[in-house]
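The structure under discussion is supplied below as structure tokens; questions concerning it will follow.
Going in written order, the chains are labelled A, B, C and D, and every chain counts its residues from 1.
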Amino acid sequence: MSPNWVKFLGNTPLSNAKNRMTARAAREIVPGMVVNLGIGLPTKVVDHLPSDFPVCLHTENGLTGIGPTLPPDQANRNLIDAGGAYVSTVPGSAFFDSATSFAMVRSGRLDLTMLGAFEVSSQGDLANWKIPGKFSPGVGGGIELAQRARRVVILTTHTDRAGNPKLKDECTLPLTARGCVSRIFTEMAVIDVTPKGFALAEIAEGVSLAEVREATGASLIVPDSTLPVF
Amino acid sequence: MSPNWVKFLGNTPLSNAKNRMTARAAREIVPGMVVNLGIGLPTKVVDHLPSDFPVCLHTENGLTGIGPTLPPDQANRNLIDAGGAYVSTVPGSAFFDSATSFAMVRSGRLDLTMLGAFEVSSQGDLANWKIPGKFSPGVGGGIELAQRARRVVILTTHTDRAGNPKLKDECTLPLTARGCVSRIFTEMAVIDVTPKGFALAEIAEGVSLAEVREATGASLIVPDSTLPVF
Amino acid sequence: MMLPDKTAQLEEVVARIGDGATIMVGGFGVPGTPMTLIQELVRQGARDLTLIKNDANEPGMGVDHLLRNGQVARLITTHLGLNTHAIGLMNNDQIKVEFNAQGILAERIRAGGAGIGAVLSDIGIGTELAEGKQVVEVDGKPHLVETALRADFALIHADRADPFGNLTYVATARNFNPLMAMAADCVIAEAETVTPLGELEADAVHTSGVFVDHVAELGEISGEYAVVQR
Amino acid sequence: MMLPDKTAQLEEVVARIGDGATIMVGGFGVPGTPMTLIQELVRQGARDLTLIKNDANEPGMGVDHLLRNGQVARLITTHLGLNTHAIGLMNNDQIKVEFNAQGILAERIRAGGAGIGAVLSDIGIGTELAEGKQVVEVDGKPHLVETALRADFALIHADRADPFGNLTYVATARNFNPLMAMAADCVIAEAETVTPLGELEADAVHTSGVFVDHVAELGEISGEYAVVQR
């Protein structure tokens, strides 16, 4: 990553935990990448990229080169992203059909995807599409993004609304894909999935190691050196 | 077929046997059809259709709506048919890739194809792509046209250059497709492939039944009624 | 030759859809959903339908009208997240829902349109979407047999069309439309504008008219096509 | 955000092609054949190549230069009918040739580009093209497993491109180019014109730049692209 982008991110106002988390996740995007951002928190990541950052945003409903989201009075009724937001184009955007869109994903042309999660296991298994008996809207494009993007990172709250850990030894919910997750960004920490399990990589400002351990449902490898703070 | 087209064909100059044969084959094309004409004799069939005949000609290298063949000085270097002829477009032509082109063929959107033949069996088997040890340029798009066009008719000389029958009980050459041929047009006759074998449908002007039988390498069902002459 | 005319009255062609039909419906959210064809199908009332559509639109929009009118027995889809009404029908067993990974649904439809029997894919292996599917090894790795989907009818929304049925789509209204326009026995397209033959550029056509059976021009574009106010 | 720039010097990107590489080459006859990239590959001299191309052009043109220069070990193709020189090399066992049905070659390449393992097709069953292929039943009917093809490099000819690698093709020069542009680890496109970002209409782009690694503008268009005088 060029120092330029780092400097920019340093100037981003980090007014709250989620903003800090999405700003940190934005540094995951390397110039030249093709990136798909899932609905919700991941979509916010793009707000932290400078206007001349060289990246191609992909949406699975058939667009490469997503531009800014537009208010209703400026929206094009035929131009949405996969989450239904009215987006725009950039110079060099291209439209295509749904088969071609997933051809990009499955054939390895997607460098990075950022997704939400219900659960992530310490082996990198992801569950994010179904809670039996409660929530089963269908998997959409999630399986292919999770299984085939070259790098899959997760943006999620560290625990669910009831305070239960989302990071666990094993997922209990139906899986989206096995062993797909490389890294997890939460409001508390940046955690890598390693062959030995979860490894703490960075910690949020004002959060203690004990708090992270408490909120994590699996053992956590902690480096001997000082943890970077984001 | 509307009487209009029949009238037109009645006015076509039938100056020689091959011209008569292609003129007769042209009557196989029903208004509204999508048609693929193989290299050689089949291509000539189109000369017998009036300029306002409603038909769509398909070529497997990626065009629906083939227009007239052009001389070199008027040709577009990027616009050929599958036989390499410099063709043109008509109002409403569309270009597409090779996968889409054969999607049309395999999914049943091709109403009719006219192909050449080395051999046709009385069960409708077709051999037209390989003579082991002598001629093996590859099958090109022939298998898919033969196997999947809704109707496959053959335009061929009745015998090969050595005078041997091309219509036989069994093909001896490598097959293009089994049981695909519905009808055969030669300079001598129009012959249908029926569940009981070859059936003479029409005979060329000046050709005798005995001559057709002699030139055919399988038994021939002949109707009791008078044979139409073309 | 000239290309055949397939312009039709929307009411007359929708009348061909009988009880029990399988129908592909284009669209991803609002863009590309053939709202007018759907409304006509609601008016005419064919029942016991199987719908194949990426999503179920939103409550009170698009295919949700068919659901509310009790015309749908089965839905093959990828995601119902924006239609709580559809999820309710599913949870109460009032409709049967089959979920596909989005890109796999696209491939299955394309396979139907391309005249191939199935595609072999490893997407979803190890998840519940793989349950009950035939497994075949390719290069020693397990793949699921994802069978081709075809329908009796496809309802397509195009931006522009010509009388032969050549179609163009705009922006993300393309999505599943070009795939479904290949994969049904009877393809019915509504177009915002039908232009004379030759006005669509041959290189810019998205769906060749060869795939399309009927094309109807929309008059006024109803409010259902407009930007959704949330 | 802005889209990354992939413009490159043709000489430098062709230099990446080493001995033993598998290379897809666009084109059906002259149209769409990347004559300039081929000439540069002849000049740089990588050997023991596997070529995947619809045909072998004509003697003294296109990939025939690679054949004459002894750079080709293996050719995966559909038809060599216009190149007697290539047929001679095949018959003398100087190159290995694998013939595919044309639409099946297109599907195998598309499958590679779509990240699926294989397609199941009944094309060629009962002919020698089926020999040695795995058979799988779908709905009780035998289908051949037609495995996906990918290549190390794809050499593509486009009419227009932009710096991100979005491509458009003209007329029948499209053919295999958009398919091959999806199916190689390194996709190199030569374009007759490279226009600034935003000049290609997003709805009219044939190949999204996401699939393309390098794009080089051609200077003068050599005589090899011209209408062939026969």
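Please note the rule applied: contacts are C-beta pairs under 8 Å (C-beta built on N, C-alpha and C of every residue); 3 or more make two chains touch, one makes a residue touch a chain.
Nothing here was measured: the structure is a model prediction, and the numbers come from that model.
Among the remaining chains, those touching chain A and also chain D are C. Averaging C-alpha coordinates per chain places the centre of chain C 32 Å away from that of chain D.
The distance from the centre of chain B to the centre of chain C, each centre being the mean of the chain's C-alpha atoms, comes to 35 Å.
Shared interface positions of chain B, i.e. residues touching 2 or more other chains, are given as 63, 95-96, 99, 102-103, 105-106, 148.
In chain D, the residues touching two or more other chains are 107, 110, 114-116, 121-122, 169-171, 174, 202-203. Taken chain by chain, the contacts fit none of the simple shapes, being neither an open path, a ring, a star, nor a full set of pairwise contacts. Every pair of chains meeting the touch criterion is listed here: A-C, A-D, B-C, B-D, C-D. Only residues 59-63, 72, 75-82, 84, 86, 95-99, 101-103, 105-106, 136-144, 147-148, 174-178 of chain A touch chain C when the two sit together in their complex. Chain C makes touch with chain D in their complex at residues 107, 111, 114-122, 134, 136, 138-139, 141, 143, 145, 147, 168-171, 174, 202-204, 206.
Taken in their complex, chain A has these residues touching chain D: 31-32, 34, 46, 49, 51-58, 63-65, 67, 89-96, 99-100, 102-109, 148.
Residues of chain D touching chain B in their complex: 28-32, 54, 77-82, 87, 90, 97, 99, 101-107, 109-110, 121-124, 126-129, 159, 169-179, 225-229. Within the complex, the chain C residues that touch chain B are 1-5, 110, 112-116, 162-164, 166, 182-183, 196-198, 200, 202-203, 205, 208-211.
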